[in-house]
Amino acid sequence: MNKIIVDEQTPAIFRNNWKLCVGTGRLGLALQKEYIDHLKLIQENIRFDFIRGHGLFHDDIGIYRELTTEAGETKPFYNFTYIDRIFDMYLELGIRPFVELGFMPKLLASGEQTIFAWEGNVTPPADYDKWYDLIQATVSHFIDRYGLEEVLSWPFEVWNEPNLSNFWKDANKEEYFKLYRTTVMAVKDIHPDLQVGGPAICGGSDEWITDFLHFCKNESVPVDFVSRHAYTSAKPHKVTPDYYYQKLFENTHMLDELKKVKELIDASPFPHLPFHITEYNTSYSPINPVHDTTLNAAYLARILSEAGDYADSFSYWTFSDVFEEADVPKAQFHGGFGLIALNGIYKPTFHLFSFFNQLGEEQLYRDESTLVTRKSDGTLAIAVWNLVMETGEGYSKELELVLPAHAKNLFIKRQTIDEDHANPWKVWKQMGRPRFPWKKEVHTLQQAAEPHLRTARMESMDGKITLPLLLTKNEVSLIEITAIEDETDTYIGLDDSLIPSYSKEWS
Amino acid sequence: MNKIIVDEQTPAIFRNNWKLCVGTGRLGLALQKEYIDHLKLIQENIRFDFIRGHGLFHDDIGIYRELTTEAGETKPFYNFTYIDRIFDMYLELGIRPFVELGFMPKLLASGEQTIFAWEGNVTPPADYDKWYDLIQATVSHFIDRYGLEEVLSWPFEVWNEPNLSNFWKDANKEEYFKLYRTTVMAVKDIHPDLQVGGPAICGGSDEWITDFLHFCKNESVPVDFVSRHAYTSAKPHKVTPDYYYQKLFENTHMLDELKKVKELIDASPFPHLPFHITEYNTSYSPINPVHDTTLNAAYLARILSEAGDYADSFSYWTFSDVFEEADVPKAQFHGGFGLIALNGIYKPTFHLFSFFNQLGEEQLYRDESTLVTRKSDGTLAIAVWNLVMETGEGYSKELELVLPAHAKNLFIKRQTIDEDHANPWKVWKQMGRPRFPWKKEVHTLQQAAEPHLRTARMESMDGKITLPLLLTKNEVSLIEITAIEDETDTYIGLDDSLIPSYSKEWS
Amino acid sequence: MNKIIVDEQTPAIFRNNWKLCVGTGRLGLALQKEYIDHLKLIQENIRFDFIRGHGLFHDDIGIYRELTTEAGETKPFYNFTYIDRIFDMYLELGIRPFVELGFMPKLLASGEQTIFAWEGNVTPPADYDKWYDLIQATVSHFIDRYGLEEVLSWPFEVWNEPNLSNFWKDANKEEYFKLYRTTVMAVKDIHPDLQVGGPAICGGSDEWITDFLHFCKNESVPVDFVSRHAYTSAKPHKVTPDYYYQKLFENTHMLDELKKVKELIDASPFPHLPFHITEYNTSYSPINPVHDTTLNAAYLARILSEAGDYADSFSYWTFSDVFEEADVPKAQFHGGFGLIALNGIYKPTFHLFSFFNQLGEEQLYRDESTLVTRKSDGTLAIAVWNLVMETGEGYSKELELVLPAHAKNLFIKRQTIDEDHANPWKVWKQMGRPRFPWKKEVHTLQQAAEPHLRTARMESMDGKITLPLLLTKNEVSLIEITAIEDETDTYIGLDDSLIPSYSKEWS
Amino acid sequence: MNKIIVDEQTPAIFRNNWKLCVGTGRLGLALQKEYIDHLKLIQENIRFDFIRGHGLFHDDIGIYRELTTEAGETKPFYNFTYIDRIFDMYLELGIRPFVELGFMPKLLASGEQTIFAWEGNVTPPADYDKWYDLIQATVSHFIDRYGLEEVLSWPFEVWNEPNLSNFWKDANKEEYFKLYRTTVMAVKDIHPDLQVGGPAICGGSDEWITDFLHFCKNESVPVDFVSRHAYTSAKPHKVTPDYYYQKLFENTHMLDELKKVKELIDASPFPHLPFHITEYNTSYSPINPVHDTTLNAAYLARILSEAGDYADSFSYWTFSDVFEEADVPKAQFHGGFGLIALNGIYKPTFHLFSFFNQLGEEQLYRDESTLVTRKSDGTLAIAVWNLVMETGEGYSKELELVLPAHAKNLFIKRQTIDEDHANPWKVWKQMGRPRFPWKKEVHTLQQAAEPHLRTARMESMDGKITLPLLLTKNEVSLIEITAIEDETDTYIGLDDSLIPSYSKEWS
């Protein structure tokens, strides 16, 4: 059994960089009611600061159009009807856009190559001047509508994963730099303090970062932040129309990657640039069932705990299964990225984020499976997890926490997700995996998605409280320890033993 | 171990007479937001047909007033401002008034004797003509506002527990008959089909019922129903300002009582009169902690299951702890009657009602601790309970149910309350019994008030399914068994074993 | 001045067939929050029974897909994720689908011809067996989910405007009959009482109806109703990227058309078939500004009043400007069909429907600009309008109504829309026609969209009340006349003249 | 005609002291749903900072109780169940308590004298030590629950109108000073920065203020603010059970009073003490119909405009007709103080406050019937009113405003209340003054309570805009003038004259 003794020495600050941003399906989906309902739940329970997704310039939002005047001239027309509705809604829900500038409107595209079921065009602009005008018109409109002060807080990221040829034609680096230069100038010509960055690459080509920063230095092109993605799944070993099966690397793999990129940046001509992981998750596939499992939460717990050491933000991809990259979802659970499944059902990873959102600012102790924090009111808030990547049963783990206590009597509240609790995916399988469940089934799945609650009252000894814990396979628990102000003796003549059927363990 | 074999012979009809009516604190409290919030929860989860409480004519609602005209004459003024607001709200929430006509407005009272912290006047009218006018004005107003058809469905009950001297001066039976006669005539003079009844007695004086019905017969006074109350607690053996401690009789005690009264009525001059239990509960005290316990639910389960054999309705006293008979509640849990505690926290008995609300109309089997029903869609819905009135630990019980099954694969959903689940009173005690808990504590208590959910998938054999059950002390469970339409094989190439960390027990 | 004397002879029944159905933009839009918000407003204020729109089988809803099995076989996959969400929502809002079966999923299409900005495929199925299977799978799914009884009440209409070559390849009638036969058989093979009809043509080719019914008769093909559309605008005389300008025919033009079709049906082999106008409006263009004007309401008033004489239902095209046939709306007011403009702003025609929704069932009088009805509570509810199709100022009209009165004192409530009231389009023009208005501007437009309210108290003479009315250009008014039960003399010593600043006209 | 030329010289600051506080019926009513519904409307439209009312220690909230221990000792018990619910709700609605410490709990009272239908006890404490304990327990509890920082912002006012013998036994000044001293010490002993003040007198005895401040100085008793009330009605000349009729003084009467008191304070030993008018209105009677009239709004407009010159806050008495000082309201309109009448109907004075809430911070011009302000976005926001205290018809007034304009094209929005608009009291009288109106009548009254909206587009000349205005009797208007950014010429080929029935005045 592992025993951890937590002293109350000078505590570190726990940096909640995990909270800065979250990913979303393409922005056009933000018109949907179910999307908005999910985002409300997210903001009520987790409250991210920013949201980032593809498709700002996709034709379903329809910002870029061309009209013919009476004189027969073709002119750009910028239609902000939908994007206004979307950004208005974001700001009402207390979340700001982390603006990804892409993909290419059909009328501006130089080719027909697209990505995803929703066919985002990934070719460079046919006319860079028109692209410049589009960027200027769009960002200027945001400032008109929301005010300069507001928009100065929004990061603008140029394109998505240009190092992959399916996201950017031929993965042409020089073309990307051209796009970046045009874009950043279009933005900075409006106001020099607007924040622009890139290169938004996925892992595996980190030389792009070095090259990008040297390009910016050499050509005096402004850059305000570096962005990159991080996934930890191997190539799929089985692909079906319904699912995608992949192995996962260790979660330290991602931490090591981030550390290396951080070092790359520190060694670049811009050593102090902010570093944003604008996408991360276990698998990069929107139909990998791992996203629906408890393992996904237990795996990512360490990332939430430690990735803030290297990245200024990291953005979980994505908050909701309202998502269409692999076509309209084909079943209630389909391996989507979402923290929330269709029909508003919380997945285990939702609770991971919700638990971390309850942690305090002071970090008293941290290791690879434990994070002890303290809140300003003295409450201890502890996240513990038991990541088990092996298949099969068993693998529970014993742990003893010895913690500082500032009160004699303490109330212990433990909320747990594991393979038997807050695991609606398992219940759905018991139901026969209904693709389009009925209201009554949905209700049962919602009930099954709630964490297991355990409470207790304990006494401290010599300013310490000792908490023995048994963690099951892939459990994640949040434990909150608060001082009790006991009012029991204010009840005159209280005697529970006089209640019919009294059991002593009640107390 | 007990083994129950349920055959699918001609099923009986399960009469849900428990659902017809529920009790409320005095009607004036129905102006309060917390009261209305609780009633909404009740209607969403249980949906009673009628609601009955004291205080229609109490001075806080202020229906009866007297004004002086310019000519110096004093005239009655009937003020319906508040009662309209209350009854409008009831009807919007889908619940109708079961109208108790009482207590006495100060300006009409013949004396000063009052009952309860809120001082309901319990003396006869000083002037029976004015009482007649008050009844007529009030009932006529209801018909004006809600329509005759609506009001014809409302029972009107004359007074409350006149057989007790603290509820009716001197418990004067002749005076009650006089009141009844005046009242019924006032109502019937408006429309002969309006329903009026009495004598609304508490237990212990059932000769009142016989006398009352003979009085009606002999004097040709109309009567549309007989009403009575039923509580099963002994005199208190300890009374403090905070709590009232009492022993409970067996729950069969109540069933026997109802049976006897039913026989009394059958032997009376009005053998087919409807019989309404217009109040029942374990203890009659609003500060008896038994109401907050799991025992209360386990105890009443049999009443809900069987009392419909004798009574046309029985009305749980009361739906909410928004209640002031023993003064403003002094603590979060104070032994109130409510199904819902202050701050919207469900008590165990709330779930008993919510579980019974999920039962079907066909009764396949019933004994003293089991009720097996079937719904129109074929779902089996089963209530089981393990009432233990002894003090101390232990007392769990094994049970095996052999049930008819119409499908090969069955989904089993079991929701449970017991001393460890859906028992917020216990958690509140762990917290140090905070009288006025903070939002965060209230939130924890709300989480702690949810039933324990267990799900499973089972296969039937030879048209039967065998369900082994372990029931803990004072557990009440609802078990729902539905046929599975298995879609698992529609997922092409499905192979859960390829998911990282796969455990076989998931399936 | 016109004087109308309304007698109280045997009243006719006013048939509110206008209320049976309303049109919607393509069903995929029903996922959007703004769409649902508008539909809620519609149902709260008007409450249509059915809703009909295009695009059930369009690829954005994605019902029809094909998957490849592990054995390499391609199989249809029917995805009901989105359509379930949409129909669930409809039923929750108290509106049922009037199901239009079309257009063609890409994977089933025999060609690439599409219609609308959203590219609905209008070619026949490449494989009629697969179409049959799609219809069966879809309708069976509806029955599984909503129950047979519910789905029996839904009309199923085969395709849309096949008499136009842009809606049905080559406007090929024989091909349509083939499609119809396959479709109706697919539905009737599930249950013979499911209702199927066609040919859903637009005006101008009514021989299709005759041919269609003879085809059904001759080939023993079932048909449960006849459907057709009706618009009253001429070809456009000016078309711009923003707007479409057309002349309107007289509104009697539409009534005459309906009458003729009704006669056609009566003369057909199926003389008693229900006749549904599944689309109607003034202009058939979604960017004709007439839809935003008061004229549109004044023009259609007579249609709502009289078209029920000929058609069993007529479905206003459409309830909301959430609509994309002519691309994403380019401005707050853009000439869309909607009763409700973007941002939840009521157009004049919304109030026309809302006013008609307040009419009674008894029709006491009707002419081309007046409709006098009585409600079950005795209230007179009167619609009057002053349609003026000429341009320019002026054109107000005087009118005197002499009406039966059953009370001495009457309360008159008049709600009016005209060019100066409930005309947000006019205010928007004053604002400089902002395409994407801010919240504050939207709020002003919402205020400007409310009808003008006038109230008065009048006395009747000899059982008659005489109401002089001045109607401005294109005014539509709803006038409600209710009996006053005067309580003024119950206020003791009332004397308004003692109030500071008293004006006699107050009374 | 009056002509006002507004220059754009250095603008003054318009101090919105009218917004700091609002009055409420006794705090116990704050448990009611209708009360809370009204307060929500108030906060959405006006958003006061503080709320003040009587009855904190009244027995319906029940803070002070006494219990007997098992040893037979009687001890105080402080019950915060209800006050917590009330203050929690206030803070959720964004309004803070301005805490009036009174009246006397029965168990602490030295006599039986009460005030109001709800019988507030107005006698001094029987035991000042117990009063001290009650104050300490209560304020300490507030700090425990809401935090010290929050409670430091709450003013604590000692008692209400002790200079009247019906509010304080014998209007005994020495006894009040004793109460004040005990109370302030109880509060300051918790934390010296908590704010306490008095003497909360009504007008007519301003020597109390001088005496009070000298008492504080001489006896070294802390005082943080001075409070007083202000009403401008004469003694009633007719009183009935339903209504109270009074003359009003000029509104300058109130301004003069405030000025004099301000001078009194300046001349006192505490010359810079904040001065709070903790109650004001026209009439001090809760059944004076003037409160329901348009006059009430036009009369108070100047008070809102100018009273901030003298008082740091002034608190309109009261926000809602949910009020019981003169018994349960006997009719829909009964002359209550409320800005909102029963059933959520806005009175004219509600709109006065809502209009003032739209004014800007810069004051460009002010006279006795005009207030011109500018907002930070450049919008001019103007309040104009035409107070007419004479009876009879007529009295309209012409006015011409010449205002600075910073744009060529301006959008004018005018919202108006007068005797014909936003006057639901008038419509209610037309209806026959129904005491307990039905839903449909309530709906009509709500419609009738909306202001009259007029909009226009104007052009400025030489940087000026000239606005001719006709003000009817007792009109209050809010006029907002905003710059138009005209987008009309972005619509290609726009030609409104091609729309059927086009009228030129539309533009």
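Residue numbering begins at 1 within each chain, and the chains themselves are lettered A, B, C and D in the order written.
Keep in mind that, in the parts below, contacts are C-beta pairs under 8 Å (C-beta built on N, C-alpha and C of every residue); 3 or more make two chains touch, one makes a residue touch a chain.
Heads up on the chains, UniProt names are A, B, C, D = Xylan 1,4-beta-xylosidase.
In this text the structure is predicted, and so the values were computed from the model without any measurement.
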| Pair of chains joined by more contacts [C-beta pairs], A-C or C-D | C-D
| message | I want to confirm something about chain A and chain B. Since they are copies of the same sequence, is their interface symmetric in residue numbering (over half shared, so same) or not (under half, so different)? | response | same
| request: Could you please state the distance in Å, as a whole number, between where the Cα atoms of chain C are centred and where those of chain D are centred? | output: 47
| message | Counting only Cα atoms for the centres, state how far chain A is from chain C in Å. | response | 44
| query | What are the residue numbers in chain D that touch two or more other chains? | reply | 67-68, 70, 240-242, 331, 435, 492-493
| request: Report the residues of chain A in contact with chain B in the complex, numbered from low to high. | output: 237-238, 240-243, 245-248, 289-290, 293, 295, 331, 388-393, 409, 411, 413, 419, 426-427, 429-435, 444, 447-448, 450, 453, 455-457, 473-474, 484-488, 490-507
| query | Which part of chain A faces chain D closely enough to touch in the complex? | reply | 67-70, 492-493
| query | For chain D, which residues count as touching chain B in their complex? | reply | 31-34, 36, 61-62, 65, 67-68, 70, 77, 79-82, 84-85, 88-89, 141, 145, 240-242, 327-331, 342, 435-436, 438-439
